[in-house]
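Look at the two complexes coming up: chain A is in both, with chain B in one and chain C in the other.
Up next, the complex of A and B:
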C-alpha cells in the first residue's frame, strides 16, 4: 500500500511540471501532504505512539492545511497574478521531470543496497531534483518558496526510509519543515509583498558588485 | 531567556542592563567551560578543546560588539521596538553560536546552525530599506537550502551507521567507528554536509549569501557575521573532517576540500579587484582567509595547528575592521570607494586603526596572521602541493594589491566632492577596542601562552599525523 502512495506522489510531481496556475501548485502541495500522512501512518508503525501521533499531526495539519492556507493568503494579499510564469514551456518541463525520474531510477539501481528500500530512494531523490528544477525555472518569487516546500517533502520521504530505526531523524525533519517554512513565509507575508511592487525575481538583482 | 526579556522590554535603561547581564553570564560561562573541559553536560554538549578556544574568542569579540552596537543605536533615531529586536536578536545569535560550538552530536549542531540563520536575518534587516530586505531574503533562502543539504547529509550518515551496528550519531562514536563505515554513503554524506556548511563558512559554492549579508547588516552585526559565525561553519566542517580522516577516505576528502579552497581564493581575488564597496571588500577578504584555512587543513602536519591559529586571529582582525567601518560610514555617509578619502584628516585614531588593520589582514609581520599563513605555506610545501602553493601565492599577491589600492585611497588620497562642513566628530575612545584586538593578535602570535598552545594541540589530537 505504501508503494502505491509513493507512486501517486511521483505522479503528482509530473502534474506539478505542467500546472499553469499558482492555485494549482497549492492544491498539489496540499495533496502531497495528505499522501505523506498516509505513508507515515503505514510505515512508522513500530515507533512509540506519542511520537507517531506527533508525526502524523504534523503532516496533516502543517503540510496539508496550514501552509496552503498561508500561501493562499499571501497570493490574495499581494494580488499576485494567477499565472506561474515559467521560463520554459510546460511541455518541456514535463519531459524534463520524466527524465529526472528515469535518471534517479537508474542511479538507484547502481546503488543496490539491501537495507534501503529502493522505491523510497527513487521518490525522494526525484522530488528533490524536481523541487530544484522548479526553483530555477520560474519567474516569480513565490514559486521559489513552493519549490523549497517540494524539496522539504522529498527530504521527509528520505527520512521515512530510516524512520523505524532512528525516529529522532524524522522529528528533526519535521522541525526543519516548521522552522524554515514559517520563517520564509513569515518574511514573505510581511515584507516582500509590501516592498517589492512587482513580485518578479528580476527585482532581486540590486545587490551586485 | 534574556533574549525574550529584551524583546518584550522597550525601556532603554533596562535594555542596557540586560545586555550587560548577558555579557557577564557569557564570561562566567566561558570560564566554567574551560575549567570543566571534556565533561559532557545535558548529554549533548561537550566542552572539548576546540569549543573552549572558539568560545573564548566569541566572548572576547562580543564585548566590543555590544559596545559598538550601543554607539550605533545611539546615533540613529531612537525607535524602541527596533532597538529591542536588534539586541534580542544579537543575544540569541551569540547564544546559538556558543551552543553550536559545544554540541557533540551532529544533529544538535545542525539545530543551532538553523537558529543562527533566523537570528542573523533579524539583524540584517535592521535598517529596513529595500536593499537590506533583498539581502535578508537572499540570506534566508540560501541558508535554508544549505540547512536542508546538511540534513540530507545527516540522513546519509545514518545509512552508513547501519552497517557498523550502532545507532548513535555523536561525534565521539562516529570517530571511533570511522574505519567500519560504509564508504559509498560516507562520501555522499560528506559532500552534502560540506556543501551545506560552506554557506556559513564562506567557501565556494554557497558563499554568495554571506557577502550580501555582511554588506547590508549594521557594522557590529557584520563583525559578528564575518568572524564568529564563520568559525561555527569551521567547527561543523572540522568535526566532519576528523571523522573522514580516520576512515579510508582521507585522501579523497583532501582533494574535495582542496578544490573548494582554491576556487574560493580565486573567486575572492577576482571580486576584490573589481569591488567598489568597502564592506563587500572586507567580506570577500573573509572568503579568501577561509580558503587559506581549508588549505591548512588539507596539507596536514603543522597545517592543522596553523589552521586553528588562523581562524582565531582572523576573527579578531576582521571584527576590528568591521567596527572601524562603522566609524567610516558615520563620517562619509557612504560605503563606496569613490566617496571616501583623506581619512587621516577627519579621524586620526580611526585612520591609524585602519592602517594597522590593513597590515594585519594582509598577513604582514608582526601580525599573528603572518605566522599562521607562513606555517600553512610551509605545510603545503612539505606535503608536496607545490603547484597549489605557487597559484595561491600569486592570487594572494593580487589580493594584497587590490586591498592596498582601496585602503590607501581611503587613507591618503583626497576625497572627491566631499563636503567637509558637518563632518561628525568621532570620539577617539571608540577606536580603543580595535587597538586592543589588534594588539591581542600580535601578542598571541609572537608569544602564545602555554595554555593556548596546549588547547590547540588537544583540539587536533584526533587527526592522524
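Up next, the complex of A and C:
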C-alpha cells in the first residue's frame, strides 16, 4: 500500500512540473502532505504511540493544512500574481523531471545496497532534485519556498525509509526547518511586498550599498 | 471474430451515449441514442463533391482511413479469444496501421491547399506524435509483465496478482483513456463542437470532405472509440467465461462513453500551446508504469 502512495507521490511531482498557477502548487503541496500522512501511518505503525501521534500530527496538520493555508494567505496579502512564471517552458520542465526520475532509478540500481529500501530511495531522491529544480527555475520568492517544502518532503520520505528506527531528532529537525523556512520567508516576503510592492527575485540585483 | 462483431455493435450506440450524457448534464433531453448513426446513413446515401484543386489522394484517403481503422479492429482480442488476425508483436501493427490511416488523412488535408487544413494537419501530427510513446511504453511494459508480445496472449495472461498490479491496471486505464481522447480529438485536447477554424484540430481537416467520404470519416471515429473501449475492457476481462465477459465488455463501453460525456460537459479544453506538455505527461506516467513493472518483476530488487 505504501508503494502505491509513493507512486502517486511521484505523479504529483510530474504535475508540479506542468502546473501554471501558484494555487495549483499549494494544492499539490497539501496533497503531498496527505500522502505523506498515509505513508507514515503504514510504515511507522509499530513505533510507540506518542511518537506516531507526533509524526501523524506533523504531516496532516502542518504539511497538509497549516502551511498551504499560510502560503495562500501570503499570496493573497501581498497580491502576488497568480502565475508561476518559470524561466523555462513547462514542457522542458516535464522532460527534465522525467529524466530526474529515470536517473535516480538507474542510480539506485547501481548502488545495489541491501540496507536501503529502493523505492523509498528513488522517490526521496527524485523529490529532492525536483525541489531543487523548481527553486532554480522559478522567478518568485514564494515559489522558492515551495521548492524548499518539496525538498523537505523528500527528506521526510528518506527518513521514513529508515523505518522504525527513525529518531525523534530527525522529526524535530524537519519540523523546525519547516517552521523556520515558511515563517521567516513569509515575514521576509511580507516586508518586500510592503516596501517594494513586488517580490521578483530579479529586483534584488538592483540592490547596491 | 467475436470481438469484431461486438466492437461494431458497440460503435453503433457509442457516440449517441456521449451526446445523450452531454444533453442531460446541460438540462436538455437530447437526441436519441441512434441519431449519430442515422446522420451517418444519410451521408452514406449522398454522393461526394470534390474540389478541382485536389488530386486522387483526396479521393482515396477517406477509404484508406476507414480501412485502417477496420484493420486495427481486426487485431483486437476478446479476453482469451483471439482477434481475426493475431501474431507476435501485433500491437506494433495496431499502432502503425492507425498511423497509416492518420498519415493519409493528413496528406489529404494538405492536398486541398487550404491554409486552415494544413494548420489542423500539423497539429494533429504533433499531438499523435506525443501520444505514441505513451502507448508503446504502456504496451511494452504490459508485454514485459506477462512475457508475451501479442494482444491476445498479453490480455489472457494478465492477472492482477498483487495490489501493486492493481495500481498498474488503474494507471494503464488512465493512459489508454487519455490516448484514445487524443487519437479521437475529443474534449480536453480538441473541441469537436467548435465553430472557429483557427482553434480546430481534427474537424478542420475534414472541412472539404462531403457525402459518402464524410460519412466514412465520422463512422471511423465511432469505431475508434469502440476499439479503445474494447482495449480497456480487455484489461479487466482476464480469462472469465463468455457469459461474464460480454456484460463486462458492454458495461465498460457504456461507462467509458458516459465518462467521456461528463468530461466534455464539465471541463474546458486545454490551451492549444499547452496541449503538447499535457500529452507528454502521459508518456511520463506510462514510464512510471514501466518502472512499476520492473518493481513487480524484481528486476529492481
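Note that the second predicted complex is superposed on the first by the 186 of 209 C-alpha atoms of A that agree within 3 Å, B and C clash if a C-alpha of one lies under 4 Å from a C-alpha of the other, contacts with A are read in each partner's own complex, and residues count from 1 in each chain.
Rule of thumb we're sticking to: a contact is a pair of C-beta atoms (placed from the backbone, for glycine too) under 8 Å apart; a residue touches a chain by one contact, two chains touch by 3 or more.
Given the structure is predicted, the values throughout are model-derived calculations rather than measurements.
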item: Superposed model, chain A: greater residue contact from chain B or chain C; value: B
item: Touched partner set for A:111, first chain B, second chain C, both or neither; value: first
item: Which superposed partner A:36 touches (first chain B, second chain C, both, neither); value: neither
item: Contacts of A:10 with chain B and chain C, given as first, second, both or neither; value: second
item: Contacts of A:152 with chain B and chain C, given as first, second, both or neither; value: first
item: Which of chain B and chain C A:101 touches, first, second, both or neither; value: second
item: In the complex with chain B, residue positions of chain A that touch it; value: 111, 113, 115-116, 128, 141, 144, 148, 151-152, 155, 158-159, 161-162, 165-166, 168-169, 172-173, 175-176, 179-180, 183-184, 187, 191-192, 195-196, 203-204, 206-207, 209
item: Residues of chain A defined as touching chain C within the complex; value: 1, 3-4, 7, 10-11, 14-15, 18, 20, 89-91, 94-95, 97-98, 101-102, 105, 109, 118-119, 122
item: For the chain B and chain A complex, residues of the former touching the latter; value: 107, 110-111, 114, 118, 121, 125, 130-131, 133-138, 140-141, 144-145, 147-148, 151-152, 154-155, 158-159, 162-163, 167, 184, 212, 215-216, 271, 274-277, 280
item: Of chain C, residues touching chain A in the complex; value: 163-164, 167, 171, 274, 276-278, 280-281, 283-285, 287-288, 291-292, 295, 300-301
